[in-house]
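Worksheet: one structure, shown below.
To keep things simple, chains are lettered A, B, C and D as they appear, and every chain counts its residues starting from 1.
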Amino acid sequence: MNRETAPLLRVEGLSKHFPVRGGFFRRVTGWLKAVDDVSFQIAHGQTFGLVGESGCGKSTLGRAILRLHEPTAGRVILDGTEITALPRRALTAARRRMQIIFQDPYASLSPRRTVLQTLLEPMEVHRIGTPRTRREKVLELLHIVGMGPEVLHRYPHEFSGGQRQRIGIARALTLDPRFIVADEAVSALDVSVQSQVLNLIARLQRELGISFLFISHDLAVVQHISHQVGVMYLGRLVEIAPAEDLYRDPLHPYTRALLSAIPVPDPKRRRKRIVLQGDVPSPLAPPSGCPFRTRCPEAMPLCAERAPRLTQRHDGRAPHRVACHLY
Amino acid sequence: MSSALLSIRDLVVEFSTERGRVRAIDGVSFDLAPGETLGLVGESGCGKTVTALAVLGLIPSPPGRILSGSIRLEGRELTRLGEREYRHVRGKLISMIFQEPMTALNPVLTIATQMTDVLVRHQGMSRRRARDRAVEMLALVGIPSPEKRIDDYPHQMSGGMRQRVMIAMALSCNPKLLLADEPTTALDVTTQAQVLEEMVRLQERFGTAVILVTHDLGVVAETCRRAVVMYAGRVVEEAPVECLFEQPRHPYTEGLLASIPRIREEKLPELPTIPGSVPDLLHLPPGCRFADRCPRADELCRRREPKLELRCDIAVACHHPNRYAGCRE
Amino acid sequence: MEMLQYALRKLITGIPLILGVTLISFLLMVYFGPDKTYDLIGKNATPEQIAEIRHQLGYDRPFLTRYLEYLKELVTLDFGYSDSTGERVSSILKRTIPISLALVLPGFVLGNLLGIALALAAAWYRGRWLDKLIMGGSVVGMSVSFLIVIIAFQILLSSNYGLGWFPVRGWNVYDFGDYLRYVTVPTLATVFVALGYNTRFYRAVFVEEMGRDHVRTARAFGTPPAELLFKHVLKNALIPIITRIMFSIPFVVISGALLIESYFGIPGVGLVTYDAITTGDQPVLKAVVGLTAALFVLVLILNDILYKVVDPRVSLK
Amino acid sequence: MNRSRERTSLWAKAWYKLRRDRIGMISLGVVLLYFVVALGVWLGLWGQGWSQVEGPMWAPPGPKYWLGTNIIGQDIFERALYSTRTAFDVGLVVAVLSTLLGGLMGGLAGYFSNRWADELILWLMGVLDAIPFYLFVAALAYALQGNPYAMHIAMIATFWTTTARLVRGEVIKLKQFEFVEAARAIGLPRRLILFRHILPNTFHILLVQATIVFVGAIKSEVILSFLGLGVTDGVSWGLMIAESTQEVQAGHFSNFVTASSFLFVLVMAFNLFADALQDALDPRKVSA
């Protein structure tokens, strides 16, 4: 296969189930299916936006891909290497190629280590370069994320949330990864800083050709930087489409509801919105059939019987896939 | 404005911290008409929540205290009320909904206990009457089978449900003013829509005035009639939402509006941003607090702090505001 | 039913704990403990006499057998006879435990109740002078040794150099009046020593609870101070309070009683234990250690069940 | 970011805060003064005449015997000085070793929480907590056949559990933090994650715990010595109080008051210092 057209990351049937214990001897009495049979691909230098509400399993999915959570089933193939099959030592080496940016800028930096220590550590672990080249690399990375050498010897508590997030991004870049998971990377930031960081990530991916899995609960945030967007509900992907298609023509009733629920900052356009009834069901006891049917305005008897599979939309030109019996 | 329900003038709230004294809000003034919905907008640390807590006399003290200024509810000065008198205001004339539905309700008391306590205290109802009223209120905020759910403990409910309970509890004594502090921020988007809708519907029905404290301009656009924008402890702009969104006058409002993530028809090459970050309240610049981040800042801005100036129904604190787009008088 | 099942499960998980405690104390006290052969028959015994007495004492049997015998004693509550007095250990305990309870209980209860009351006051007036006064007093109280308190109180209240109101030592209790006369000074000493620690602990608990969102909500709805303190703060703080009280029970009964009883010459289980320590009376020591471990497990179970009672969120699953 | 803010580690910030705490600094001074006294005894500068029986029985305080003499004519002041050394002997040994042990065990238990290593350590802590302290000391004294360090060992063996529980809780909390996940994501070995990223963030607990254990050890020594289970060679405040109980009944209070006051002032100073330290190190306050 041509390297240009082959995807960088292939996720096939990935599942992460957590055991639930109870009963007399704390036996395993059930499984929480945080991620259930998820498949998608990310092309070289592209960003895949993953959207869903809290508890839908999107963060678990991101961590399972990196094997920060050990997946229960399924395969992850990054750049031809099957990550899920790697033994421990090889996995450590493979971590050079995949990194993660976290949500909470206050919790993601080690509080008693300086910026320099934090940024040198990945290179030390992987024995990259000499002390001198490592230091040069750190300065270069700081420059990329818009910070100067004066921050090298400072501690995380001396920075604002946005600055910490930049340091976290710099750390993820130290190993020149091919792929980065950004887990709610801008959600904890104020609006004015949020767009600074979003622009930074978009620039990095353009200039360095890194592929991103950008996880967020906010469809509006995802739009700006995503090429593909996937929508998750109760551990499953319910819709995947190129960004333009998804926002122009959302198919799954859940995607539509999500889109219409976003408050629009324009007082003249108070639209009628689809307000979903009730709450997300507990992932411990998901509904039969389609997981969304309990809140779906278009639910049919069929939906309770059979879970819809993610299928290519028939009429479409674009690779727009949706898991809904309506299509 | 004598017709105002709530009138805040030059309010200053100070906190003593390890590194020195900080004015969390510094000279905040605005009015609220009966039944009106006002958005109090700004980013974290701008003082919007402190303002709401000050209205209810709930500034944690120590370390905080109201240094000066006045808060009047129907002409009655609240800052001078004793603790005992204030108790008859809280929950009865003014009530408040908080951001975190997970922690705002007492975990070891049932919903029934918490709601009836308020009604018994402020309305002098018998417990039985109070319970009936509480069930009624729960039904109004859209809780299914309220006569059963009322005996639940908070942890048996979802976040959205709890926030509805808070709304029901807050409106149960028919207060004149409801302070809603980021009531939907902790909720998921789809739940957020439900809860907001519920709140607006009830507020209209009861004729309650609302101060909606939020960082989300989208929420303000959809629910409020007027908005007060705060930055670093000060009001920078106050205007009817139509004017504010169509023609923001303060460069901060303008930047904030531009940088809201929104679904766009055309993808922009670069998202608009406000450069820099919010100043440290301990080391404020001498002039305008926004000057460091403002594209229009000049010598004057760095030297002198602009005052909030009112023209027609738009007030702005800026030396170089956007052109005035006309007013609706 | 759910409660019973839970208690049963806890009891089963408590078994390793009891095994551990008994094993360690058996190892230290009996296996590596003092050899009593020569105490019993003197230095000039013949090898046959020595072998005979060692056989009687069980020293020649394997470790495991002896340990299992100890466990059997624990299960049947029959610990044999005291080495020093020859009295049945079970009857010694039966006689002395009630005295210790009567001695220690008033101080324990008062120390906790007063501690909670002072802590509530301090937490309510946090940062004001009353808080500073109470907390200052607590630090002073924490800094005085229990031993010094006992001696000082005895001098001040009981001896001829002080007020001389109460008996100096002993325990001649025949009616309630006697009881009050003998229990007062030990109780005052216990309360004095416990109060500092208790007040500090409880204040920290209350201050944390008062900073919670739901207390702010209660204030935002005009809840008056008494209701706020008792219905919202105290009630929510019950879990740490219960934990502290429950887990101090085994120690108060043994350690607290030991010092007081040995100083005041009160014939409770503490004094018996102290005498057993000094004379190396192994049957008594084995009984005390075993029973304390059992008490500890009981406390663990009771504690968890009480959690369930005070906090609806706690599930026994 | 404001440039005027000093670039400081959390430790430097804590020290800065501690320096501004007047009560904390005064109590630190008192503790150091005691330490100098103990050091002097170690170096043989003073307190060497603690065991000489040369004075008259129960001499009143005066220029020769500053605080009088005891029942057999020993200089009470000398004995009190020497006891300071005994207290620091016990306090330092127990505080340092039990804190190290507690930190290590708590760290391991927390890092491997809900696995067998954790279960084992928890079980051991439960067992040690369930054995009555005085009995444990006595049993250990038997088992070690009069080893003078039996008391120290017993204290270390029982005092580490509190520290370990606190550290375990903190480690479990820290493990959830994203910086630990970040360390895993860059492929840092587990050992380094624990020692480089997790344990350094529990040092504030260890430091405060060490001061608390120090106080606990000194106080326990007094009671154990009184019960005859403690110090066997040398003299300690506890032994002084033990011998004073007979004197007290005869109306001679100097021995009792001296030992009690020496003990009280040191313990009080240490308690106040521990409070100040805790305030200064509280991460919730420091990061604000």
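Note that a residue touches a chain if its C-beta (ideal position, glycine included) is under 8 Å from a C-beta of that chain, and two chains touch if they have at least 3 such contacts.
Keep in mind that what you see is a predicted model, and the values were worked out from it rather than measured.
Q: Out of curiosity, which chains are bumping into both subunit A and subunit C?
A: Touching subunit A and subunit C alike, sorted by label: B, D.
Q: Starting at subunit A, how many touching-chain steps does it take at least to reach subunit B?
A: Minimal hop count between subunit A and subunit B: 1.
Q: Farthest chain from subunit A, comparing Cα centres?
A: C
Q: If you average the CA atoms of subunit A and of subunit D, how many Å lie between those two points?
A: 49
Q: If you average the Cα atoms of subunit B and of subunit D to get two centres, how far apart are those centres in Å?
A: Going by mean C-alpha positions, subunit B sits 51 Å from subunit D.
Q: Averaging over Cα atoms per chain, report the distance between subunit C and subunit D in Å.
A: The mean C-alpha positions of subunit C and subunit D differ by 23 Å.
Q: For subunit D, give me the residues that contact two or more of the other chains.
A: Within subunit D, the residues that touch at least two other chains are 1, 5.
Q: What are the residue numbers in subunit A that touch two or more other chains?
A: 160, 163
Q: For subunit B, give me the residues that contact two or more of the other chains.
A: Where subunit B meets two or more other chains at a single residue, that happens at 277.
Q: Okay, in this complex, where on subunit D does subunit A touch?
A: 1, 5, 7-11, 177-179, 181-189, 196-197, 200-201, 283, 286-287
Q: Spell out the part of subunit A that touches subunit D in their complex, as residue ranges.
A: 63, 66, 68, 91-93, 95-96, 98-100, 102-104, 107-114, 121-122, 125-126, 153-155, 157-160, 163, 168, 171, 174-175
Q: For the complex, which residues does subunit B have touching subunit A?
A: Touch list, subunit B to subunit A: 43-44, 158, 160-161, 188-194, 196-197, 215-222, 241-242, 245, 255-257, 259-264, 267-268, 270-275, 277-278.
Q: So in the complex, which bits of subunit C are touching subunit D?
A: 16-17, 20-21, 24-25, 27-29, 32-34, 139-140, 142-148, 151-152, 155, 159, 161, 250-251, 254-255, 258-259, 262, 273-274, 277-278, 280, 285, 288-289, 292-293, 296-297
Q: With touch defined as at the start, can you tell me which subunit C residues reach subunit B in the complex?
A: Going through subunit C, the ones touching subunit B are 126-127, 212-214, 216-224, 227, 231-232, 235-236, 310-313.
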